[in-house]
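Look for chain A in each of the two complexes below; its partner is chain B in the first and chain C in the second.
Now for the complex of A and B:
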């Protein structure tokens, strides 16, 4: 009996410790539910879900969504949840201040739970939202990665940024409530911070270290790059975000009265983590990275893998080799319309990037290649990039190389446009899209992977006429008159005669414009 | 408001029946002595029904004293700092930035205005014979001169050569202010919340941050000066102002009876 009576008290004394944390988790659960029912959180969560659904269910105008580049797709998940993060900041702050607003602070003083545990519980109430955002981000990225046209590699560190930002701003709201227990401080601080940093960015010019101090570090970039040329310190940034979140949480605990030695140790440790992350992410590009960017821009053949499809060779950066089959399909389609030797000419399709301008706002254009039979292709694909590439292939087939193709001004332009668009699924729409002003009449600039081509009003009329007629009748005439049509001496009017389409008016002016 | 509360006769919690009854005659004057039994032997003297002007005159001082001046002052200060500091620091402001600053300042003052309907004594004053519209209107009337003066100061802080069109900017600021008032009034009307300021400010701030980002180009309200659509967009601002003012006025009427969704949200904070 005596052993029994002695054993009991120990079990009673040992019990409260785990149950305190159970109370923290219970409070966190209740607070999370309360947060979800706040109008801003509910509204922006629904908006985010709606945005994701809209992305999945609508087809895009550009047509490039079917061919995502995963090292860019991972970053695209970062910005949309930011509104949820800001809503978290404001609503978590309100939740902590609720007891003050309702005058129930003093009732909590009689509870066993210390104020700092309440603080931790409020911070933990943000975790379910961070987890939900993480799931949404994972879903969005997986959906992109599962597309047949996806290329490249995503980064876990980039994907972790959105949920960590939600957590960070929620904890910041809790900390601000502990530091400034006033109901109107946080909205004003948020507004002042937002406008102030916008001003600072405009004034100081947004240097790298400042850009990376934000939860989401966005860098402008025109075209997708191979992932090893990006040089984003994403892992350091995640370390910075984690360190900062823990630091803010422990500052809030300190402000809430937590004085355990462990608390102080964690605060110091997380400050060290934050500092390490912040310093490491602020370091500029390494010389090796800059060298690699120059090499990929100037001499891409050193980095590329070449694959043969039919007679032509397709050289792509390693992450894009899966796309060479798509390029080959377009080349096959264009060559099927060409007559003479052009129908069987072996081409070299070379992928090019301009990585030297990374971080600059303006997109650079590629200089045309002088190598005969070499066609340039960029890193994006789908939508308008397909007819643009077809124009590039057709102009090389007709003119010999890209340098010469830029100066076409006679009937050869008509042939180029016919080859590029004649076998397209919807030629008239492609013609409209590939022209800079989206027109189907008058003169215009025609987009191509390198330098654009120019089309006169006369040539446009002939091409439009050709595209509106049955394809087989024009194909036969083009192949039969191939030598004359591709000769620099043939005028547009003569080409129209050969192809048996109405000769356009105003030919004298056109001849003068050509000047050749 | 204390005097008003004391002056409300009856002491019944009849705030929902009060609207229909209107101001009955024979009620004690607001601000008068607490209701007491007439002294024995003396006939209770019927007092004249208080005129609206009298009520308002009696209310001005207590309402002015209990207005939430602190958030207003904080909002106004932040707004003036936003407009003024860049001028002090760099000397010149590009006009694109000046526009952003003025809009930011308007929003900051709006955040202060969102707290205008805060009245810790709301539940205790619910039984007074003075309508909510009168009380809220009085609050707005008391703040209006301050707001006008503050906005003038904010406009003057922007150098004249980069100042966006004053009338149109005033329209935007007025619409923001009315939206802020609307948020507070709507929270009071829907949720019977005594201090709706924080929720209203949160809603206004998130709307202000999200609207420029999320509004489709066709319907945007935020354009740069010298843009072709400036005038067209400011007609939309005028419509927004008018609509918000109407809804605000509608929110000032006390509901005749409790609605079900109010019962759901009433327990929330």
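Now for the complex of A and C:
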């Protein structure tokens, strides 16, 4: 008979449920740290941070950045973090597969924490990255919202999309690892998804229901719209993303062997959330919304608030009323150079949108207004839009209305360009920017809120000469010869004589343009 | 077979597991108490399968067992068995980019040690215990094979398990490393139940207070090493030529032959070793299997 001593008591004792979850959180912390050290996560995170830095760095160079429209600024936060979401998809997948790849699963499978709890920990390890993206998104949006030129309203739902997408793709990576224990699953599925989507898009187009199934529903709209005309089901989309994330997590837990009653209850709830969100976000625009878009496009005055600055009236959609002072500044600047009655002509600056074809990714062209003294302004401001608006104001001051301004040529074009650019901080740069070909010589199209203007090579030469000379000397001559300079009978050559700048060559070309 | 005092740490009865038509375990019953128990057997004897069943990695088709009184057939019981278990698999895997500390800490978390400070203390303790205190910050990819094996042992020891399952831990180690490992296992077996699967009879002779011999999924012997050695009493002899009647025989370093089997009249008997007892036990198993086959045929 052999003698056996009593086994010493183990220090590992049964843990209560809260402590079991504490272990899951501890594992999630370790896995999050491991994720952070993965090359794709580091690379894409640096790229994202670089993008944000670049946005801040270049914010002063592109004038429009100083005047953000917040209902667009919130959506602009969605796409860049998809880099991190993709990194999460790849690296969370690899993290789950690490045990299999390294042969530790034989050992880990007999440890206390069950595979399904490890699955939850892997999903939770993505949370810090989602939180980091949420903070970055909040910072990016707050930075935009605090700019003095900011208008409009952001949506919390739109801001939630990026962090939720990071979470969703991370959980998808975990699920794929549990279903298909191979590192090739993610790239193959991504390829399959791409091909499938391409074929589906070729077959049925890109209908709304399909667009909104993606984490980021891209709906490009070149010109900002009032937020109540957007009709984006952002809140439903958030519900859909939350439901889908929980649903995928549930599937991963199930694949990891989880069978708790709570897991089943969560499954039903998340499936219901996903379905509700998916159905609700797929519904088309309501008749009321379509009607509101038509009203805002055709009869904007019904929805606008008008504010008086000096002698002119500025009518804007409610979210843009704070910007009327900027418009008034440009009008004041243009009128200060005008002679005759034009310097004091009361104008009506009317903001316009084209919301009937929602989703257009090219700037809308507004029909010129026939109302005397009415100038169109869009929903963007800053950068090129300021000299473009100045051209619109100057055109109406010279021609009377926007419709007539479309027929401007000869000396009047010279005057319009002088009024528009003469008092700009950097007239030559503004001239270059406002011309479609970014040149300061030869003929070109000049951008304006409605119809563009044509500038001949001769007119360009005269305007360039004027802009290069001291403003005061030209202003005096323009005001002194206002009547003749704004007469349809005055040629560009005569204008040059009156303004004492070299008379341009190429008279025939000008006659061809204005002769009609 | 010797009687065991009650209660044993591990008690198994009628464990059977088949892979297709092959019986990996065939009605295995055993009882283990504190100390190191060696599990000997040729390749395919069912040693690893038995260890995996006892470690709750795979369930048996039939039979039952308890570890420290916990029944792994229930969810709660299985958790309790796992809490009491330290397992070193035959070919332990590692996360090569982890440091030794991080890897053992990871295992400690999977053992649900939630108090961070206490866990880190415990990880440091087991790393010191296996002699890796100085290299705990080194990545595993930079450690030697012997050091890696010690990391695996530390991972098995973390949390102070009451039942330690070691599947051929000394395979591939050089003699010095094997000696070091024996010290560690001996130390681990103080007041704890250790089941050590090995091909090395010296390991069993030097470390184990009990030994189990398996062959063909069946326990062929269970007892003390001395009892296993005693099976060869009077069945080992030396001769100047290899004895054709011996079950096994080989020339020793002195030039004489050492024979194991049924000695002829007047043979010069020599002191048997544990390996002799082991070989004769296996030989008897083969003979029994062969005669059983003949009967069946």
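The rule is simple: the second predicted complex is superposed on the first by the 483 of 516 C-alpha atoms of A that agree within 3 Å, B and C clash if a C-alpha of one lies under 4 Å from a C-alpha of the other, contacts with A are read in each partner's own complex, and residues count from 1 in each chain.
In this section, a contact is a pair of C-beta atoms (placed from the backbone, for glycine too) under 8 Å apart; a residue touches a chain by one contact, two chains touch by 3 or more.
What you are looking at is a predicted structure, and each value in this text was computed from that prediction instead of being measured.
One more residue to check, A:199. First (chain B), second (chain C), both or neither?
Only chain B is touched by A:199; chain C is not.
Kindly classify A:58 by the partners it touches after superposition: chain B alone (first), chain C alone (second), both, or neither?
The answer is neither, since A:58 touches no partner chain.
Name the contact category of A:188: first (chain B only), second (chain C only), both, or neither.
first
Tell me which partner A:102 touches in the superposition: chain B (first), chain C (second), both or neither.
After superposition on chain A, A:102 lies in contact with both partners, chain B and chain C.
Under the stated touch criterion, which partner chain does A:27 make contact with: chain B (first), chain C (second), both, or neither?
second
What is the contact status of A:118 with respect to chain B (first) and chain C (second): first, second, both, or neither?
second
Once the structures are superposed on A, label A:94 by its partner contacts, choosing first (chain B), second (chain C), both or neither.
A:94 sits against chain B, while chain C stays out of touch.
Please report the chain A residues shared by its interface with chain B and its interface with chain C.
Common interface on chain A, chain B vs chain C: 37, 98, 102.
Which residues of chain C touch chain A in the complex?
Going by the criterion above, the answer is residues 2-5, 8-9, 33-35, 55-57, 68, 79-80, 82-85, 87-89, 91-97, 102, 105-107, 109-114, 116, 122, 152, 155, 159-163, 190-193, 209-210, 223-224.
For chain B, which residues count as touching chain A in their complex?
70-71, 74-75, 78, 81-82, 86, 90, 94, 97, 100-101, 104, 107-108, 111-112, 115, 195, 197-199, 201-206, 208-210, 213-214, 268-269
Could you pull out which chain A residues touch chain B in their complex?
Per the stated touch rule, the residues are 34, 37, 39-40, 43-44, 47, 83, 86-87, 90-91, 94, 97-98, 101-102, 183-185, 187-188, 190-192, 194-196, 198-199, 202-203.
Help me check something: in the complex, which residues belonging to chain A touch chain C?
Within the complex, chain A contacts chain C at residues 1-15, 19-20, 22-23, 26-27, 30, 37, 98-99, 102-113, 118.
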